[in-house]
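Here come two complexes built around chain A, the first alongside chain B, the second alongside chain C.
Coming up: the complex of A and B.
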């Protein structure tokens, strides 16, 4: 049988210095490639506009000066566009922000300027061979945290910033709330609550099938088991004394995985 | 399928996280997946390469066309491994011909271009559905995450080509100097003949690079599709909840067992204690059951295939497939040298053919001289019209299926509208709870000697008005300092000057018990900046 540690997961647990374990929602290469493409569009757009404006200006101040300024702009865009945005408050280039991504340290804290520089200057290596990002892709797909070489060197990861939208489709509420007969762990309570919140996604037969798995808790099977479980979930959600009220009541973490 | 033996964490994920899970699944078994992919396509690729030795373009097209056979092998590996078993080689060998025959007409011809292929393949292979059932199921499964699957598909196809070219570039850099005469000659030829007229040697190398890149991209693409498929089923069938419930029951059964044991030891009435054990057995036996269609996957398809084998349909198709490629080759096998020589000779005729290609142009010129410029103009217009139609068609296609192209991030981007706080710092701030004329009421209370109530009403009223006018997003958990900060952020329309004075007075009263002078309160009432329905 597998223990939890062997199981493959997209959430990566990180233990902080305080002994707290957080789970990072590390983002994979495909959406990141999309963000890169968006950034590329933005950069090209800015440079085009700049060169048009400077072209007009060039009539007045001379072509050589304008050419130099353009080269400088191109250089800065190429090397410092991602650095500036990623070292900033939001930790993401505009493309990443649009797609809901963010660069953080492996510990989940915001990255420093040094890390942003390292991670983005190594883009050159990741882009090999011939700017195809072959190295970056290979590194990304072969490491557990989806890190390209720049990420590995700077100790950073890219994460999904926004929590996914979890549709809540509860069935009709139970007639009466039913106290839990035994104490449940946080994971178990969460499963009970999400049974209530997602019950309407499943057809009735499937609902009963799932409820039957917890027959020992509900003490009934079939439709009766479903309604008893829903009643218990109602009790957990609405009526349970918060934090230490009953002997077995434990605090339910409402939000499962933040960053 | 044994859900409790699952080797990846099942939880409802967002679409892109599901894609990532698929990629992680492939990473775990990467070499095995790649070998299995090539097991399906290696030999056919060799044969086809030999057959189309002189036209690598066709070879490449055919190879691309046949990719789903490799995807199916990868899918076999990933799906088995997800549920904790490593498919033995015996199973893999048996599967090899099936990846070609299984619904050959549908998969390789009708539905080959479908961008939902990575997910549809899982429905087809793992659930063994056909016909209408299959179509309905694919629609159901694709409802979640179809944007992600289309983008992943496009990315994979694009990067296959891209990496193929990169590989070609690397190889041409690594050709040792001094032995690259042929290579350089071919490159020069290419440079002279134009970008689309690639010399044979180069085209062969490009084809070789491309198929390597295609295999790599396809392995991961299949994994991503499988990840999305698993995620959809986790959502619509509640796999994660079921697993959690099962673990819960296991734990409770243990607890009950211990309880029962102690009860049996301590009490003479053992009959009561046996009952929970009975319940335990019942709960333990309840399984996810293939009969419900949760995973009619392997059991069913295996039995169907074995049925096919026993009815003898399988060998028939088998023969037909065997007769397909090699039969043509045997036709050519006899007169091989002659035919090849003839073909080489025939190449000169192709040169003539090129001249022929130019002929229509000169004909057109002749016509334009004789028939006039009008015909040419009409032809040009028709040509451009055709181009326009093609572009319009593509744009229309993109627009019609724009939901498929929506990147998941955009949808997540929609922030939930902040709900106006109803209670701030324990005070009810709904407009209904307040008098119509706040400053008037406050001054009335103040004069009546209810100092605390008066100031509380004033502060509460100010916050309520700030929320009501929609200028300041005050949250339930905000403190006085937070409110002030938010007001200052919003600026002039929220009257930060007035509010900071009010906050100072309110804090001094509420926390230090300092009652302000009458004049201060009066001025606060007089300067009340919010529009009131006075006289109402």
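Coming up: the complex of A and C.
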């Protein structure tokens, strides 16, 4: 399904073999650039400290030997630092972990060593032209899940490890629960419920402005419209008959199939 | 049933599930670990219910997070061990090479044709080779291969030099392999460029030494590690071309899917290239610069070529070969 909401929303719905749909929040290029910068600092820091310590040691065991160890460390840091961390248990380099990111397969499961190798060895081409990350950025912005070229080849996405919690500030309606006058689709019902949950984020005037968009449903405008909508949302949550919930389940199904 | 009722009814179960998750995430499974699959499926059902009953973002988000954590635990992969590596070396890698024999031929041609063309051009007109190497390049070739055969060995006199050069070769040459592979992403052009560039430059170096230096110093030095280093680079080129060809000719798949499939096929090649080049660095660091009779060093080089090609052609044939 390619609705406008799908293109805007960074929530990626993935259906598991268990038949349930989980939602992964995909991370954008700015945050990932931040994680990259942090990793760079860590790597440079480790190499600096290592070269200082080894420099002292070098007086004892010979500078050539120490030079060799440093070159090996440089090589490992350059190519295998991200591979080892991303193929590990956490699925994230230290920089990504600090920012709460994680690399997973497009299906949401942890990535394999091979995938970590692919996405990180291809980083070089993402960094082109002239190490500006122009290719990677262009690829991120033109794919739906912000995948750079290495991600596309490896079939991976970068997600928030723990999705940031949306603020929930519901407003208690001024009247008793009100049954819905007409049947609504799943998306419409969800919008109604979220309206109730976020109502207290907005000042009264803004709330009324939003409620007026659904004037046809509430049959009123202004403050009266707001409280009628809230009452309907209450009814959906608390009083709606769910025993024969087949209708709703079918809506949900259809949405996934169309993906 | 209201949201509150639903939460009250299941609170206990969810708390147990979360305790199970936390224990396993910290690597302490505990006696109840076997319950995870069942409890995970229960949570999946809960999430579906909460979604379809529209119990709101708070509960949905919470259950979503729990299901994701359980999913990651259940579908974690077993890390590959040494057996896997041994199997790859003995069977997997040579089989992949034989399956990709067309690419093997292509990448070899892209490297060797310029190499020999440039090297032999020095016999007729040395200016081409001089133009490719430039003044600095020629000076360093003179320094290494200009005089007697023991020149390189003397450069390695200081203690630890061999080890340092080994590390230098790893960093430099394996890095070149990986870049050659990544260049395939530019529709194969990057890969072709690196292969051809290396062919031209190495051909120029060989041609220059043949013309103006001491060929024996050069050839006896490079012969030992040449099979692993050069074919390692060619194999990295094959991995890059796999990607490039998938982009140019995706067949019946969409390009992104074709790319992902090709990347899977390229993976053994890139691992193999890294292994070969590491082997080359070992030989180049600890053997090639030794002060030994040239005949022995040529012998080792030739034996290396024969063994490596035999390995590519024959290893892992038993038990069914796709080639």
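As a working rule, the second predicted complex is superposed on the first by the 154 of 259 C-alpha atoms of A that agree within 3 Å, B and C clash if a C-alpha of one lies under 4 Å from a C-alpha of the other, contacts with A are read in each partner's own complex, and residues count from 1 in each chain.
Criterion: a contact is a pair of C-beta atoms (placed from the backbone, for glycine too) under 8 Å apart; a residue touches a chain by one contact, two chains touch by 3 or more.
Keep in mind that what you see is a predicted model, and the values were worked out from it rather than measured.
> Name the contact category of A:154: first (chain B only), second (chain C only), both, or neither.
After superposing on A, A:154 lies in contact with chain C but is clear of chain B.
> Check whether A:30 is in contact with chain B, with chain C, with both or with neither, and answer first, second, both or neither.
A:30: touches chain B, not chain C.
> Identify the partner contact of A:110: answer first if only chain B is touched, second if only chain C is, both if each is, neither if none is.
In the superposition, A:110 touches chain C alone.
> Mind working out whether A:60 is in touch with chain B, chain C, both or neither, as first, second, both or neither?
In the superposed model, A:60 contacts neither chain B nor chain C.
> Check whether A:191 is in contact with chain B, with chain C, with both or with neither, and answer first, second, both or neither.
Touch status of A:191: first partner only.
> Where does A:162 make contact in the superposed view: on chain B (first), on chain C (second), on both, or on neither?
In the superposition, A:162 touches chain B and chain C alike.
> Which partner does A:172 reach: the first (chain B), the second (chain C), both, or neither?
neither
> If we overlay the two complexes on their shared chain A, which of chain B and chain C does A:134 touch? Say first, second, both or neither.
first
> Just to be sure I follow: which residues of chain A are touched by chain B in one complex and then by chain C in the other one?
Residues 162, 165-166, 190, 194, which sit in both footprints.
> Any idea which chain A residues touch chain C in the complex?
16, 18-24, 61-72, 74-75, 78-79, 89, 91, 104, 108-110, 112-114, 117-118, 121-125, 128, 149, 152-155, 162-163, 165-166, 168, 186, 189-190, 193-194, 197, 236-238, 240, 242, 245, 248-249, 252
> Hey, which residues of chain B end up touching chain A in the complex?
Per the touch definition, chain B meets chain A at residues 4-9, 12-14, 16-17, 19-21, 23-28, 30, 84, 151-152, 155, 159, 162-163, 165-166, 169-170, 220, 224, 235-238, 240-242, 244-249, 251-253, 255-256, 279-280, 282-283, 286, 288-289, 292, 294, 407-413.
> Quick one: in the complex, what on chain C touches chain A?
For this pair, the touching residues of chain C are 1-3, 40-41, 44-45, 47-48, 51-58, 61, 64-65, 67-68, 71-72, 75-77, 79-80, 158-161, 163-168, 170-171, 174-175, 178-179, 181-183, 185-186, 190, 243, 256, 259-260, 262-264, 266-267, 270-271.
> In the complex formed with chain B, which residues of chain A make contact?
Chain A reaches chain B through residues 1-2, 4, 6-11, 25-31, 33-34, 98-101, 129-130, 132, 134, 137, 141-142, 144, 146, 160, 162, 164-166, 182, 184, 187-188, 190-191, 194-195, 198, 201-202, 205-206, 209-217, 219, 221.
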